[in-house]
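Note that subunit A is present in both complexes that follow, paired respectively with subunit B and with subunit C.
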Partner chain A sequence: MEQYSSSHHHNQENKPPQKEKKSLTHKFRGNLKYQKYLFVYTCLLLPIIFYLGIRILPTLFTFNVGFRDWNLLSTDIQPFVGFENYLTLFKDEVFIKSIFNTLIYIVLGVSGQLIFGIIVALLLHKINRFVGFFRVIYFIPYVTSIVAISWVFQWILMGNGIINDVLVNLGLPPQPFLNSPDQAIYVIIGAMIWQSIGFQMILFLAGLENIPEMLYEAADIDGASPWQKFWHVTFPLLNPTIVFSAVIGTITFIQVSFTQVVNMSMDGSGGPLNSTISVVVYIYQLAFRQFDMGLASAATVILFLFILALTLFQMKVLTKKFDY
Partner chain B sequence: MKLRKFLPYLILLLGSVVMLFPFIWMVSTSLKAPIDIFNLSIIPENPTLSNYLQILEESMFVRWFINSFIVAVITTISVLFFDTLVGYIIAKFRFVGRTVIFVLILSTLMVPTEMLIIPWYMMSSELGWTDTYWAVLFPGLMTGFGVFLMRQFMEQIPDDLLNAARIDGMNEYVIFFKIAVPQVWPAISALAIFTFLSNWNAFLWPLIAIESPSLRTLPVGLSFFSSGEAESQWHLIMTGATISVIPIILVFILLQRHIIKGITLTGMK
Partner chain C sequence: MVRKWQFILLGILLLLVVAACSSDEGDSENGAKADDSEGTGGEITLEYWQYSFDSKVKLMDELIAEFEEANPGIKVEQTNFPYDQYNEQVAAQVPAGRGPDVINLFYGWVPTYVDAGYLQPLPQDAFPHDEIESEFFPLVEATKMDGEYWTIPTAVRTLALFYNKDLFTEAGLDPDSPPTTWEELEDYAVQLTKADSSGRLEQSGMAWEPAQQGHQWLRDGLTIQAGGQVLSEDRRDVVWGDDPAGLEAFKYWLSFPTDLGTSEQGFYTDDVTAFVTEKAAMNVDGSFRIGTLQSDAPDLNYAVAPLPGKEAQSTNSSFWTNGITAGVEGEKLEAATKFLEFLTSDDVMERWLDATGELPAKEAVAMQDKYVNDEIYGPFIESLPFANAHFFVDETKERDLVIDAANRVLMEGMDPEEAFNQLVESTQELYDAYWSDK
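What follows is the complex of A and B.
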């Protein structure tokens, strides 16, 4: 039976009547198309549910909660209160402080990691031996848990820790570091930079390798100094990498600013005297200590707008047109 | 002249000391008896494993380690499967709703996860998910970044290759797994490494999603341990930190070529 049908099929292909061939390929194509659509939509079913249910709707829900008086502890009804939460937030000194601190974390932290990342990458680009060895060492902090590292830094920098011991032995005054409202935020930023140098280094190394050697040779012929070569060849050609690194760095720093502050600050919530509190720590306190979801949601909306503005600003300022 | 040649090595070497010292001091402290920890020597005079024995006996580090591993592995498998599949479909198929779906997924990249912790928390407690692995897992099962990344790579696969397989009568699922996936293997391994690392080290959401100590992940467990039961007992805190840091460093050193290649690859896209 099967043989018969297959030979029949052959016959058709050998001397086919025009009309029938057309309808056959048509049918074949139609079947393929149907199969494709079936494949596409069955595969997209779960992802669509996920992105709608776990990303998009919750985002909209946050906006909604931000306009309501919504405390998980007190009432069952959540009345609409307009912009009242936003007004309350902007009247709260701690919130303003947390926004200001977040800006410091991002500006100093991101520029610090870019500068050190470029320096290490330039040095590695200059040497011929042990490149792989140094790359591994500088990258190790990036793969390790921020929580663990934060506690190690606390231990190293504490009042009678090893750094203060060294300072005293050198005849210098011991420093309060994380205990001081003036120093703590910079110590935390230092730890953030320390941890992310390796990541930036890899990105910049790749960027450096993409710069054609020819350009440096041309600059040599023109008698350019190393400094001039950096500013007129290397820096402009690294520009796309710098924009990418700055945007990625900003987004990760928002997150890191929670983990690091909770685990490094003396009281675990942005102390001493709120000197290290970041917006995410502030939101966490509101939502999961006081259960004031309305205020906390309004704060997340402000954080969202803040990141959006910062990212657009970075793209605009950093993506300059250079004349080569 | 010679100095100029060696100066970069010297600076890099000094930098390496700064990069490695915290780890060295951490391991060193973890090997000291409580009375010796304020002793400045880097190599412990009377090295002991008693801190490790105490931690393994009295706390739940092993359990937290396993929890972190389960969460990170499941999330990574899910992200790899779905992100690759969705990236492939968006890159290689023309269908009604394609642009809408892609824009929808990309738009989620603009919203920081910090903004979603409140609705996720309310959702988890409403649906009774709080305090389960699922509660830790569910927000990370797919990522907009991964879809975007995989789409970039899938676009480079020639259509002729896929069509040839179709003419050979291959099923669409087989084409995806046998033809498309092997073409983008480097990108998949990069995505795997990033996803695993970020989930292994995640702190904020696991902190909120989990209440019972036995379900904590390693970073959350370490954080509670250090500020709670081991407060100010720095020999124990450093031992806990060592336990959570050393395995990932060893894995990194083993896989470093792939990891560094992966970052370069994703950074350049």
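What follows is the complex of A and C.
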């Protein structure tokens, strides 16, 4: 329809380019190739509209909400309060604690994931038998329900759980684990690392497959030790995989820290004493426990800037060019 | 030429986006209007929301069918959400201009909802204040604010002491004489506790979980039993620390996991699991747990007794309660009122007890002999006259403050008095913030 009207319009103001008009209608009506293109572009457009409506616009709207005193249950006008929500957040001890915890989750969690992922991938890369079996074993946690895993960990780690039985039998004092503000966060990080090893392993195995064998042969001829081979051949050539894993790992860690924390922390909301609360958990509490959308949105904006900065930082610091 | 049609495409895209946005806003307004005008037509449809609790949902379906038959022209539609997503789901529907006409809320949430302007006061001609106050248990006043009743419950629940008769016998205690005083409770808990050589609990004499009913037991049970109060009459001041009874209750409460060594937070993950698996011999829990025990542990040999007291007897009470949302008016409001009157009728209250285990909210219905003498329900009903429902300005936060105070003592070794003073102070801050814009 639009094509017709516009070409018709075009026709009126501009007489000479008859050819063009003809070519336009021709293109769309006569030429199958262009019709096909039109179809393809329309199809491609639909997800974009969906994406705009479901992701981008609400995201932009969050910035607006963050500047308002927005009670989720209220139907009145939500007054504009400027940066008040941001000020409140930075004075809020729990929020500061949640940012700090999120940093711990990311730094320890992501580096743990990467290190264990590389180790497992290197080991699996070396063996020729039972490769499939081991891959399955290491990958199973990744496809298991986080909620189920969290509860199993709770039972294993409780006061008279299996781990404490082992400790006591070894003559060591029983540990509180999830009941301790000093230990709980590391226990949760441990569970998260264990669960994501499988995913990292797959990424690194793919990266290792892509390193040409001849580089190792050349290194052998030069008399390189295994450590030198890893550090000067494997590691640099795995760099793109590491950057990708680190960025993806960070983002999923920020998202996933919600389910684990809610299911593993002793009070289900980041306890004990807020020692395991992450920013995402706190945002959820602000929005859906206290109905303060303004504060929650402001916290979300801060989280957004935080992830953005972290991702840029990772891209800059971790990405290096290696040529061989 | 190519550039031109690209331009057109972009135009279409923009148009679509603008259309999507504007029609969105229009929709919500129209939606709200259409919703209201529905009432003037032949049939009125009421939206009723409650959380998913099998026995309640099933009973409500039956009740709705009866109500519709008795009131032609009114239809009621029930919608349910899981308990832990309930607030979230309600909140998510508000900006969309959709939602219930009659809503079932936990009483502790009501102040937040009233504050946000989500509810309207109960119509006084159908629910006169003097009638509510003479017929219902006084604890329903927990949702009376600004001189208005905003909600009215069908049923209420109280806390009482659950105890495992087999474990009593095993420890040489008489399963027919449960503890009735603070001292006896301590004594029984110690006798019912077993620990291994490393000092780890094998069997807890007294389940102890601040995040579950523990914080309620402390506020409405122990504090009042010791002769204290949490809130002032006008609900503005936290007077918990004014009387030594407050601290005494806090210390007594904490003595189970500390001095007495009978309890452990997170023992077998939580108190209910520990009690069901016979790892805990006693637990303070609500009448709402009876159904769970019947279905999950039909062989559990347990009994119930009123909470052990001290200077006075007291227990915590809580309830799910029904309110009418703010936008409902005209014929629809009449229908909603009728529905509420039906839900708070004596007959429905009796059936509610049979089906869900929750106790009648009206004194005359609850105190009938057949209920008071019931082996399981009896102790809960007996407790109703001295039951208290704490007025929450923010249920989640107040609960978290109690949990944190306990954890400071248990995990960080803070002096109980200091932790208690912090608890009182930070609770007062919540109340100051709540009252500041009233």
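To be clear about the criterion, the second predicted complex is superposed on the first by the 273 of 324 C-alpha atoms of A that agree within 3 Å, B and C clash if a C-alpha of one lies under 4 Å from a C-alpha of the other, contacts with A are read in each partner's own complex, and residues count from 1 in each chain.
One rule holds for everything that comes next: a contact is a pair of C-beta atoms (placed from the backbone, for glycine too) under 8 Å apart; a residue touches a chain by one contact, two chains touch by 3 or more.
Worth saying up front: this structure is predicted, and the values here are computed from it rather than measured.
Asks: Going by the contact rule set out at the top, does A:230 touch subunit B (first), subunit C (second), both, or neither?
Replies: A:230: touches no partner chain.
Asks: Per the contact definition in the header, classify A:269: touching subunit B only (first), subunit C only (second), both, or neither.
Replies: It touches subunit C, and subunit B stays clear.
Asks: Would you check which partner chain A:155 touches, where first means subunit B only, second means subunit C only, and both and neither mean what they say?
Replies: Both: A:155 reaches subunit B and subunit C.
Asks: Have a look and say if subunit B or subunit C is in touch with more residues of subunit A.
Replies: Comparing touch counts on subunit A for subunit B and subunit C gives B.
Asks: In the superposed arrangement, which partner chain does A:86 touch: subunit B (first), subunit C (second), both, or neither?
Replies: neither
Asks: Just to be sure I read the superposition right, which of the two partners does A:216 touch: subunit B = first, subunit C = second, or both, or neither?
Replies: neither
Asks: Report for A:288: first if it touches subunit B alone, second if subunit C alone, otherwise both or neither.
Replies: The answer is both, since A:288 touches subunit B and subunit C.
Asks: Which partner does A:179 contact after superposing on A: first (subunit B), second (subunit C), both, neither?
Replies: second
Asks: Indicate the residue numbers of subunit A shared between its subunit B interface and its subunit C interface, in ascending order.
Replies: Subunit A residues touching both partners: 41, 48, 52, 57, 72, 151, 155, 160, 268, 287-288.
Asks: In the complex formed with subunit B, which residues of subunit A make contact?
Replies: So the residues of subunit A in touch with subunit B come to 32, 35-37, 39-41, 43-44, 46-48, 50-52, 54-59, 61-62, 65, 72, 120, 123-124, 126-127, 130, 134-141, 143-149, 151-153, 155-156, 160, 162, 165, 194, 197-199, 202-203, 205-206, 210, 241, 244, 251, 254-255, 258-259, 262-263, 268, 280, 283-284, 287-288, 293, 296-297, 300-301, 303-304, 307-308.
Asks: What does subunit B use to touch subunit A in their complex?
Replies: For this pair, the touching residues of subunit B are 8-9, 11-12, 15-16, 18-20, 22-23, 25-26, 29, 38, 40, 82, 85-86, 89, 93, 95, 101, 104-105, 107-108, 110-123, 138-139, 141-142, 144, 166, 171-173, 197, 200-201, 203-204, 208, 218-220, 222-223, 226-227, 234, 237-238, 240-241, 244-245, 248-249, 252-253, 256, 259-260, 263-264, 267-268.
Asks: Quick check: in the complex, which residue numbers of subunit A touch subunit C?
Replies: For subunit A paired with subunit C, touching residues are 2-3, 6, 20, 23-24, 27, 41, 45, 48-49, 52-53, 57, 71-76, 151, 154-155, 158-160, 164, 168, 173-174, 176, 178-181, 266-269, 271-274, 285, 287-291.
Asks: In the complex of these two chains, what residues of subunit C are touching subunit A?
Replies: 1, 4-5, 8-9, 11-13, 16-17, 20-21, 87-88, 90-91, 94-95, 97, 112-113, 115-118, 196, 198, 200-202, 211, 264-269, 326-327, 394, 396-397, 400, 403-404, 407-408, 411-412
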